[in-house]
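Letters A, B, C and D name the chains as they come in the text, with residue numbers starting at 1 for each one.
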Amino acid sequence: MIHFECDYACGAHPAVLKALVETNEEQHCGYSEDDRCAAAAGLIRELCHCPDAAVHFVVGGTQANLLVIDAGLRPFEGVLCADTGHINVHETGAVEATGHKVLPLPSTDGKISAAQVEAAVLAQRNDSSHEHIVRPAMVYISHPTEIGTLYTRDELTALSETCHRLGLTLFVDGARLGYGLAADETVDLPFLAGVCDAFTIGGTKVGLLFGEAIVITGEAYRDFFRYRIKQRGAMLAKGRLLGVQFEALLKDNLYVEASRKANRQAQQIKQAFVEKGFPLFCDTVANQIFIVLPNEAVRALEEQYVITVWGKVDEQHTAVRLVTSVCTRDEDVEALLARIATL
Amino acid sequence: MIHFECDYACGAHPAVLKALVETNEEQHCGYSEDDRCAAAAGLIRELCHCPDAAVHFVVGGTQANLLVIDAGLRPFEGVLCADTGHINVHETGAVEATGHKVLPLPSTDGKISAAQVEAAVLAQRNDSSHEHIVRPAMVYISHPTEIGTLYTRDELTALSETCHRLGLTLFVDGARLGYGLAADETVDLPFLAGVCDAFTIGGTKVGLLFGEAIVITGEAYRDFFRYRIKQRGAMLAKGRLLGVQFEALLKDNLYVEASRKANRQAQQIKQAFVEKGFPLFCDTVANQIFIVLPNEAVRALEEQYVITVWGKVDEQHTAVRLVTSVCTRDEDVEALLARIATL
Amino acid sequence: MIHFECDYACGAHPAVLKALVETNEEQHCGYSEDDRCAAAAGLIRELCHCPDAAVHFVVGGTQANLLVIDAGLRPFEGVLCADTGHINVHETGAVEATGHKVLPLPSTDGKISAAQVEAAVLAQRNDSSHEHIVRPAMVYISHPTEIGTLYTRDELTALSETCHRLGLTLFVDGARLGYGLAADETVDLPFLAGVCDAFTIGGTKVGLLFGEAIVITGEAYRDFFRYRIKQRGAMLAKGRLLGVQFEALLKDNLYVEASRKANRQAQQIKQAFVEKGFPLFCDTVANQIFIVLPNEAVRALEEQYVITVWGKVDEQHTAVRLVTSVCTRDEDVEALLARIATL
Amino acid sequence: MIHFECDYACGAHPAVLKALVETNEEQHCGYSEDDRCAAAAGLIRELCHCPDAAVHFVVGGTQANLLVIDAGLRPFEGVLCADTGHINVHETGAVEATGHKVLPLPSTDGKISAAQVEAAVLAQRNDSSHEHIVRPAMVYISHPTEIGTLYTRDELTALSETCHRLGLTLFVDGARLGYGLAADETVDLPFLAGVCDAFTIGGTKVGLLFGEAIVITGEAYRDFFRYRIKQRGAMLAKGRLLGVQFEALLKDNLYVEASRKANRQAQQIKQAFVEKGFPLFCDTVANQIFIVLPNEAVRALEEQYVITVWGKVDEQHTAVRLVTSVCTRDEDVEALLARIATL
């Protein structure tokens, strides 16, 4: 079976694996206090044009989300997000387990707007019972979103301005950031670092064995962040593994270039479906595509491919998701394109 | 100013105050392990036709809700409720502070249906990513609801059947239960005890200085419940005060009779507005009424009365809530009726 | 049976009950935003010579403790206290339920010293693994302590200086503060307000039906404290009851005078035991006394009196605690004195 | 600098790295639901003679500890452990962050006894205020302990019997289990599986890049454990990495044989210190050794070696810890032995 259901079906990108093998015998002190992590963090600061950023590495995205969100909220405060946001629907209540309410807003194309944020904040603040209502104090968005869409530069600027004017912080979940950076170069790392208070550079879905870099650009969240990492079980003993991998992934623009290739593969697959007359469930520009297929076409594909059933459209049709990654092989894409042509 | 904005503006019903005064010099052991609490608990078991019920007394409704809900859920489980439910909107995230996600469902007239519960439960269980989604394990409803409506016997039976067939428990928040019992006698204490796993008999809003009785009729929630009460700071040192008050309130059918009078007062007020041509925001049968008034009428009323602004309807109109309680004086109602007639 | 086992066996002091009865028909807005609470808070600020103090009222001591401690700590921080401290041994893990570790220190006469605090703080800070160790950030003491002893002015000054020099805050649990104020007038309210960041004025054990006043004198803990109260289920709907009671208790020096009488009763009882040759388990000056009795004397007393068995001393002897309160009747003390004389 | 300060300074054991490289291009579904994890879990069940064990893989030891402990406790329950236990002193309050109190017992040689557990449990249960005291419901021990000592077969049997007779569960933290198995073959995997309710097979400190296997042998803790893993951010997206590594480590007895070599290296180092007349801080048989050295000898060693300063013994002497691992090179040991000889 060939996997197109997610971007974490393979191991590591060859360059990352090579770095791990080459450094395996090195000795380092533990818990990401080593030279490898320092080098990777330095590279990130440089790429972000943000020499003062605090950079932390953790193994997984749920860890990154719960750590930053808990750091950004007092117990009675909540985090606004899209109703489709990962923290609201696919982390088994990880944020709630830290005691905070997730405050979902209706989303359009997986996104929420500055106007929605402002309305939600003012509704709570102007309510005579405001003390009885969870206080919105943070906005969480994903870029790309859960359904593969991208925020524009203007949308991000507006969210940033609104959050900061109202005293909220803005956190961007970049679990698939590489694919976003490759798909829209106007939202690059320095821009992102400028608009939000923290964001993650996702590694797990972009060619690492594992790893997310948490980049804290503002003053919020910073204090004693490593204590938080340890308390939540997110401090890797052999922390150098995170530094080694991120350094390999980020240098020489590999992060964006390899993502660009994956985007191209995904868009080729999308095009093949479209050319066969299958409608898009929603349109995307990065490494995820969403198509509506007749049920029998789904079954036919599933004989050779693992894909994600996204939802039932009607009795005869199903929305499916296909995903490429920096590890997707061209030969697998070509075989799939051929298969689609015969559906 | 005369208060019609809530049902907790006064002190205690005279019968309750009398009982507190008469027993003030009694000496009892602490923490509700006294004879007064035992007597009140016995009376509740009798009224519920439920000799095996576990009965606990706490000071407030938020305490009761968070205690029962936390007792009914494992950390990764959530509680389904109406989007307008008190736990979702007016307890500052008290349930989330115990680590659990509140799972709101769209409500109609403040109510949710058995079909909605079933759909939500099956959606999670049948999802291939179900382990990444908070597991619905409990249903929370209020009777009367937040907007003063009542569940029918059939609706409650259907909710109960659905919950228990799917392995969920059903918890009924009875913060205003007296007014509900008085307004629809087909949903009485024995019926309620039969359909749910736990419910509360609200005292604070029905004439006590404070106090909610938690009645656990099923096997769920029971174990070591007093440890939970203590851990959450909800164990009253002079616990006998809860027993004394509940005994005074519940004996001789005072709970229902006094509530009936308050309902009648509220309905008189509603009628007065209707007769003046003001539309109902939503119709109710118990002690809360919701009217749409021109803004100037609101301002006029607010010169003498404290009422609750429920929401803006349009530029010229506002929805307001007026509430009576077992402590509402007839003379205050009569004066208000006269005032409405001149609006 | 006559109760000498605790200071919460009775109802309210007559002056408090009278105030509740007299104000029962008043109408007030809820949640302690009423005039009665404002008046009581004003009186407390005046008595403390602390016009800027934030004053909040809650029902019980465990609530007060968990609220202040959670407000004073980040998630990875802990609170230092005596190993015998109430939060460490008698609140069913209420502090841990808010996510924080309690850091007990060995106590002498129920007390901890500034030197112990400093050593514990430096041990963590200077450890190369400090990020893996809970960070002490707050000190909790009780005055009087759990075993009825009192901190001296010098001890409190030293604790205060050490805490503030090291960046910790100091919180004093005054569940029995009245008895302490009456027993050692050098530690009065203005002094206390000056040395700590917050303290409680206990009402439950000093003649109220219920109620603890949280007095926040410093900048720490203040922000949005009412949100915390609501979230933890500690916001009383008929909040005015707290204001009414505290006003009655605190005016005309009743708090101290009534406590002084209770202390005198307790010391008379202690003297009676001593004169009969029974040794003290530990010596105290306020409303609790601790005596070592032969087991048969314990059994003899228990025929008429409820007392607390504090612990087994040896096969033949038991340490017991007797407690008086502002509600203890002189005739009960006299009868007890007579009974002791015949043991 | 050569690292002897911990057992996680290197990368992976060569056999483990080889397996990761060889399987890098395999495609697997995520979240440890793949064939590699199934194979590793099967191998563990076989090695433990425990065909019904539930086996889960997580990245780190703090994750494993907090997951199992939270699964084994109701909110008001606590876990007994040695005062030196990792959860009590070196996880930044990770257990408390899940809401539970850690209940430390004085330890001897890093160990606690069945008699201590029984006494602690009965003290709580027989206290008249037991509802106000955290309820001991679980015992946590480490094997080897934090200071490198081992429980004997008899000690473990007694702990097991006591726990189960009193209704507690027993959890063994095996972060360094390989070194323990190699040092005392009478405590092998089948024996361990038989005495406790769950234990971990540590990988991080025994040659994996990362990874701990949680082996649940009893009925406790099992339900929905994967939901817990996800909620706490401990579910690895590319979960197959855990399966691949554990399979490589556990097959052909590599886990024990490689550990045995590390133990031998550590004991050689210990012997070299002893022969030079330096006293042991405590005696051990596995991969950690503790020596008391003159301060100048510590400084001399630290010129070439990273070692752990364990504590100050007196003004002139310091206790240090040296640790070997399955990745320690013989040439580094030999050089160290030569250096010790010249101290």
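Criterion: a residue touches a chain if its C-beta (ideal position, glycine included) is under 8 Å from a C-beta of that chain, and two chains touch if they have at least 3 such contacts.
Note that the structure is predicted; figures quoted are calculated from it, not measured.
Visitor: Among all other chains, pick the one whose mean CA position is farthest from the mean CA position of subunit C.
Guide: Using the mean of the C-alpha atoms as each chain's centre, the farthest one from subunit C is A.
Visitor: Please compute the C-alpha centroid of subunit A, do the same for subunit D, then give the distance between them in whole Å.
Guide: That gives a centre separation of 33 Å.
Visitor: Can you compute the centre-to-centre distance for subunit A and subunit C, using the mean CA position of each chain? Integer Å is fine.
Guide: The computed centroid separation for subunit A versus subunit C comes out at 50 Å.
Visitor: Which subunit A residues reach two or more other chains?
Guide: 75-76, 91-93, 97-99, 131-132, 227, 230-231, 235
Visitor: Touch graph of the chains shown: is it line, ring, star, complete or other?
Guide: It is complete, because no pair of chains fails to touch.
Visitor: Where on subunit A is subunit C touching in the complex?
Guide: So the residues of subunit A touching subunit C come out as 31, 70, 74-76, 98-99, 131-132, 135, 223-224, 226-228, 230-231, 235.
Visitor: What part of subunit A is in contact with subunit D in the complex they form?
Guide: Against subunit D, the touching part of subunit A is residues 1-3, 5-6, 8-12, 17, 20-21, 23-30, 59-63, 65-66, 91-94, 97, 204-205, 209-210, 227, 230-238, 241, 306.
Visitor: Using the touch definition from the top, list the residues of subunit B that touch subunit A in their complex.
Guide: 75-76, 78, 89-93, 96-102, 128-129, 131-134, 309
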